[in-house]
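Let me begin by presenting the structure, written as structure tokens, before commenting on it.
Letters A, B, C and D mark the chains as written, and numbering starts fresh at 1 in each.
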Amino acid sequence: MSLINKRAEQRNAEIISNKKVGAYHHMVFAAGDMAAYCRPGNFVAISVGGTGSSMILRRAFAIYRASDRGQYGGTIELVVAPHGQGSRWLTSLEIHDVVNIVGPLGTSFGIPTEPAAALLVGGGYGSAPLFGLAEVLKERGCRVDMVLGASSAGKIYAPLEGKRSVNSLTITTEDGGAGIKGRVTQVLPGLIDKHGSEIIYSCGPMGMLAAINEISSSLGLLHQCAVEEAMACGIGICMTCVIPVKDSSGVIKMTRSCIDGPVMDGAKVIWDSSRKVPQGTWGFNG
Amino acid sequence: MDNQFQAFDPRCKFGSKFFPSPIFTASGCAGSGKELSQFFDLDELGAVVTKSISVKPRSGRATPRMAETPSGMLNSIGLQGPGIDQFLAEDIPWLISNNARVIVSISGETIDEYASLARKLRGVSGISGIEVNISCPNVENRGMVFACDPVASKSVVESVRRNVGGELPIIVKLSPDVTDIVSIAGEVINAGADGLALINTLLGMAIDIDAMRPKLAGKTGGLSGPAIRPVAVRAIYQVHAAFRNIPILGMGGVASGRDALELIMAGASAISIGTANFGDPTSVVRIKKELVDLLKERKFSSVAAAVGVAHEK
Amino acid sequence: MDNQFQAFDPRCKFGSKFFPSPIFTASGCAGSGKELSQFFDLDELGAVVTKSISVKPRSGRATPRMAETPSGMLNSIGLQGPGIDQFLAEDIPWLISNNARVIVSISGETIDEYASLARKLRGVSGISGIEVNISCPNVENRGMVFACDPVASKSVVESVRRNVGGELPIIVKLSPDVTDIVSIAGEVINAGADGLALINTLLGMAIDIDAMRPKLAGKTGGLSGPAIRPVAVRAIYQVHAAFRNIPILGMGGVASGRDALELIMAGASAISIGTANFGDPTSVVRIKKELVDLLKERKFSSVAAAVGVAHEK
Amino acid sequence: MSLINKRAEQRNAEIISNKKVGAYHHMVFAAGDMAAYCRPGNFVAISVGGTGSSMILRRAFAIYRASDRGQYGGTIELVVAPHGQGSRWLTSLEIHDVVNIVGPLGTSFGIPTEPAAALLVGGGYGSAPLFGLAEVLKERGCRVDMVLGASSAGKIYAPLEGKRSVNSLTITTEDGGAGIKGRVTQVLPGLIDKHGSEIIYSCGPMGMLAAINEISSSLGLLHQCAVEEAMACGIGICMTCVIPVKDSSGVIKMTRSCIDGPVMDGAKVIWDSSRKVPQGTWGFNG
């Protein structure tokens, strides 16, 4: 039985800043002690819609940055895409508004014990957790290269301060509006080669992660990815967020991405499993 | 409050068993118990009702397994679980050692499976009851859900009763997706149910208008949350009107003490919290407190005294 | 849009009749038509579906007749109305003279009442169809709702068909409060229905925890609004899967073009707007525009082309 | 077939002022042309909860005052009691927030063609429409006396500027916290006698209106009352808001209080009919 993140707690958090950056909102929350326990890859779950809302489920957001002391005490920063009703509500909030937040949740990116060359790949707002990760890797003496991809330039989230901790940053856009025209996976083999990458960290849409995993597995590289599956609870009690993952003995199990993820070993995930349970999954008889 | 020097009795009773609090978790909405225990002490609960457990391990359905709907959600988990043996070996001992009272929810695809689950539970010490989830397709009858078929419902309960022995209270969980829930309730009571759990989810569906297909991989799913509360209140009211002496474990969209009291006044003796746990991990603690405060304000000296009072006027 | 030079066909068809817009008002949710006509031109609508009319005048139930619920509401109007004669003398001529297409909803307490309503409508010129509301208690069968009884449902439709003649399309409105809506649909189709209206309200209840009694004077009421949309989508999907050629007038919680498209992709050929009119008197105009825009964005050249597309994947 | 108020329209209205006054909020809305058509007794129906709210029905509020020109163009003023979720949401709004409003709706108080002595009786926020009425009556040369009652002093809404147009103002509170201890109906006979009142106007809880009607009918006085029944639509299309009323030929009919009310002839209303349809009502067979 998995446990939720040991440090998870539920609290109200005041909004300290909410700025539009390209297609996203960069939002800062006064989150007190919670900030101290956030690791790159962790996420928070936020109530949306306010009292009397018809939206009854929390929304999950990867933690972009957390700092445990400052003018406002501990703070947590998120990068939110105004997408549907819940995220639009959140991004429309103003400074001093208060939200209810549960976190930190989920697994975090594994950090190599020895310095290694790491390639960080982000799609859209999937870049968010990678900057904090880059800092940690950098501190551990790793080489850190980053590739960010999106459909258009506005959807690349790459703030100046974030770029400081990477050795190189490559950008791809599908419409060619910024960086190289195309997808991250097109530039990946070349970059791996060039930088001698030993481990890939990724975060973004599931299709992108699957494509990255094909490359990493064909090259025999480690691949730590932060998956995103629709989550009703974020704390391991609803079983909605599962993806098929091989356990240590090779058995495929439907595994909660909120507790045993979002960061997972890409090699263990059975990709392209949306809308079907892979043959051979434990307990599958269909 | 006026009642401050008077003891308030929060207990409820199913069969021979008393439970110290009227707030339970709903089946399938509390994980293994362990996850919620990080937010509050499980001893706060009347009981943990476990996810419905099957004879064999089940992978459950493909994803997406959920879709949010107005004031509700659809789920299509497909009873994912490790099977009764691993469950008895791991989950149950953990719950008991953490002072949780446990009601084991069971589900089968045939009458025999229910019987064998009941036999497995017969000897298990420390559990406080069985919830029989009959909202499962009956593979021996064209996949027709047991709970939709009075005869099959009755057979399941008889067979559980026979196999589990006389001690453990049996609570039978009914589906609202039937023409006449009162007659189904009558059948399962005749078959030996000590209590009823009302209501399971409503069958629903949502369509993704961009992908142009059902949002859930399993196409249809169970609708839960505040949206269905009026259906739960109605079902509880109808069944309580017909069978005053059968305790009801009420559920369906309860997210506050006021909601819980609504179901109690309709006829529920205790309340299970399902979907509300997802939006608020400490909701059971809050709801319990709110409920007791509301009851005291209304000068009730026990939860039991409020059960079904809406029938009196 | 790409379609700007291409004509978009917004029509739908029930029986032999075409309707110029897929957005109708739902029975009982548009007054006499006159009240809404102060906010928009009734010609905007595919049709006005009238409140269900009975043989005799009906006072309807006592108040309170409504209670708001999460994303929904309960109503217990009790079919208040002037009776068919006054209705034909006053309401119908007004609607027709105001260019509204009219579908008359009828309700009876016996098969004979349905028959006599059908006879009265037979000769009426200017109306475009009949919606048969069978969610009414059958006084000849212990008050069991017609729509819950396949045999009674079938008899009602046969008798309406016989008495109204072959011309007027008959749309039969089903209740979701049944174990198997597909089999009820099958019966009424066999009996001669040209189309189905899905869904009527769900039976629900709310309790006032201060007065400690049901909020509605009539105790139970019909649940409508966005809360029930997943049930409507499911019912429409199931029925359309079974009877591809029977047009469905879909309804249940539609409040936007997206909602309407969801029901259409599930299998509805047209949409009735009920509760949404209460919150927004011009909602039908907005929903129609939103729906057409969404269809055009998705490169559909007609409403008909989108009907049931969610079944294809 | 009744018609809704001919001037009714639907529009967005900005909040210009929101002040707590005793137990109520006095709120002012920039309502443009709508203001010009408001008559004392009319009400508006306002959407509550914002986008994504679980509250799907409008809330009705009696118009306290309306003025068709001023700094903000036409304005409508309401007196709102923060009661349940909808009214609490409304009273929590801030200046510049915008609400969707339908109005003016319903009937208005009938004004005597000849000057007459009028007694205006209000319960709780039921005083709201009476001040505008008092002004009109005063302009027509009527004597205007007013009685306001509530459970406690904070629930008496009687602003200074409103008092200007009344010849006398009597206050009753059930707890004796202000004015005379007791209910309005206790002081009514004495006041009618003293002021020679010929017509009674009332607005407040249904029980109070019924009690007033007993007095008016025993004394043979006219009684125009603004009733309050739960309304789902406010525009005559849902049939939830009915009360049993005698029509011109004496037949009792379930009559929509949103269209044929809220102002009705007290003598025609069948009182004490909550939760039962009176015997003899047209079409009643129970």
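Just so we're on the same page, a residue touches a chain if its C-beta (ideal position, glycine included) is under 8 Å from a C-beta of that chain, and two chains touch if they have at least 3 such contacts.
Predicted, not measured: the structure shown is a model, and the values here were computed from it.
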Label-sorted list of chains bordering both chain C and chain D is A, B
Can you tell me the least number of steps between chain A and chain D, where a step is a move to a chain it touches? 1
Please work out the Cα centroid separation of chain A and chain C, and write it as a whole number of Å. 46
Distance between chain centroids, defined by C-alpha means - chain B, chain D (Å): 46
Chain B and chain C: spacing of chain centres that average the CA atoms, whole Å: 34
Sequence positions of chain B contacting 2 or more other chains: 70-72, 225-226
Enumerate the residues of chain D that touch no fewer than two other chains. 54-55
Graph shape for the chains shown, where an edge means the two chains touch. Line, ring, star, complete, or other? complete
Under the touch definition given earlier, write down the residues of chain C that touch chain A in their complex. 70-71, 226
Once bound in the complex, which stretches of chain A touch chain B? 1-4, 6, 8, 10, 47, 54-58, 100, 102, 229-230, 232-233, 235-243, 253-254, 259, 273-277, 281-285
Complex contacts: residues of chain B adjacent to chain A: 28-32, 34-36, 38-39, 51, 56-68, 70-73, 75, 77, 80-83, 90-91, 94, 217, 225-226, 255, 275-282
Over in the complex, which chain A residues touch chain C? Could you list them? 54
In their complex, what parts of chain D are in touch with chain A? 49-55, 85, 89
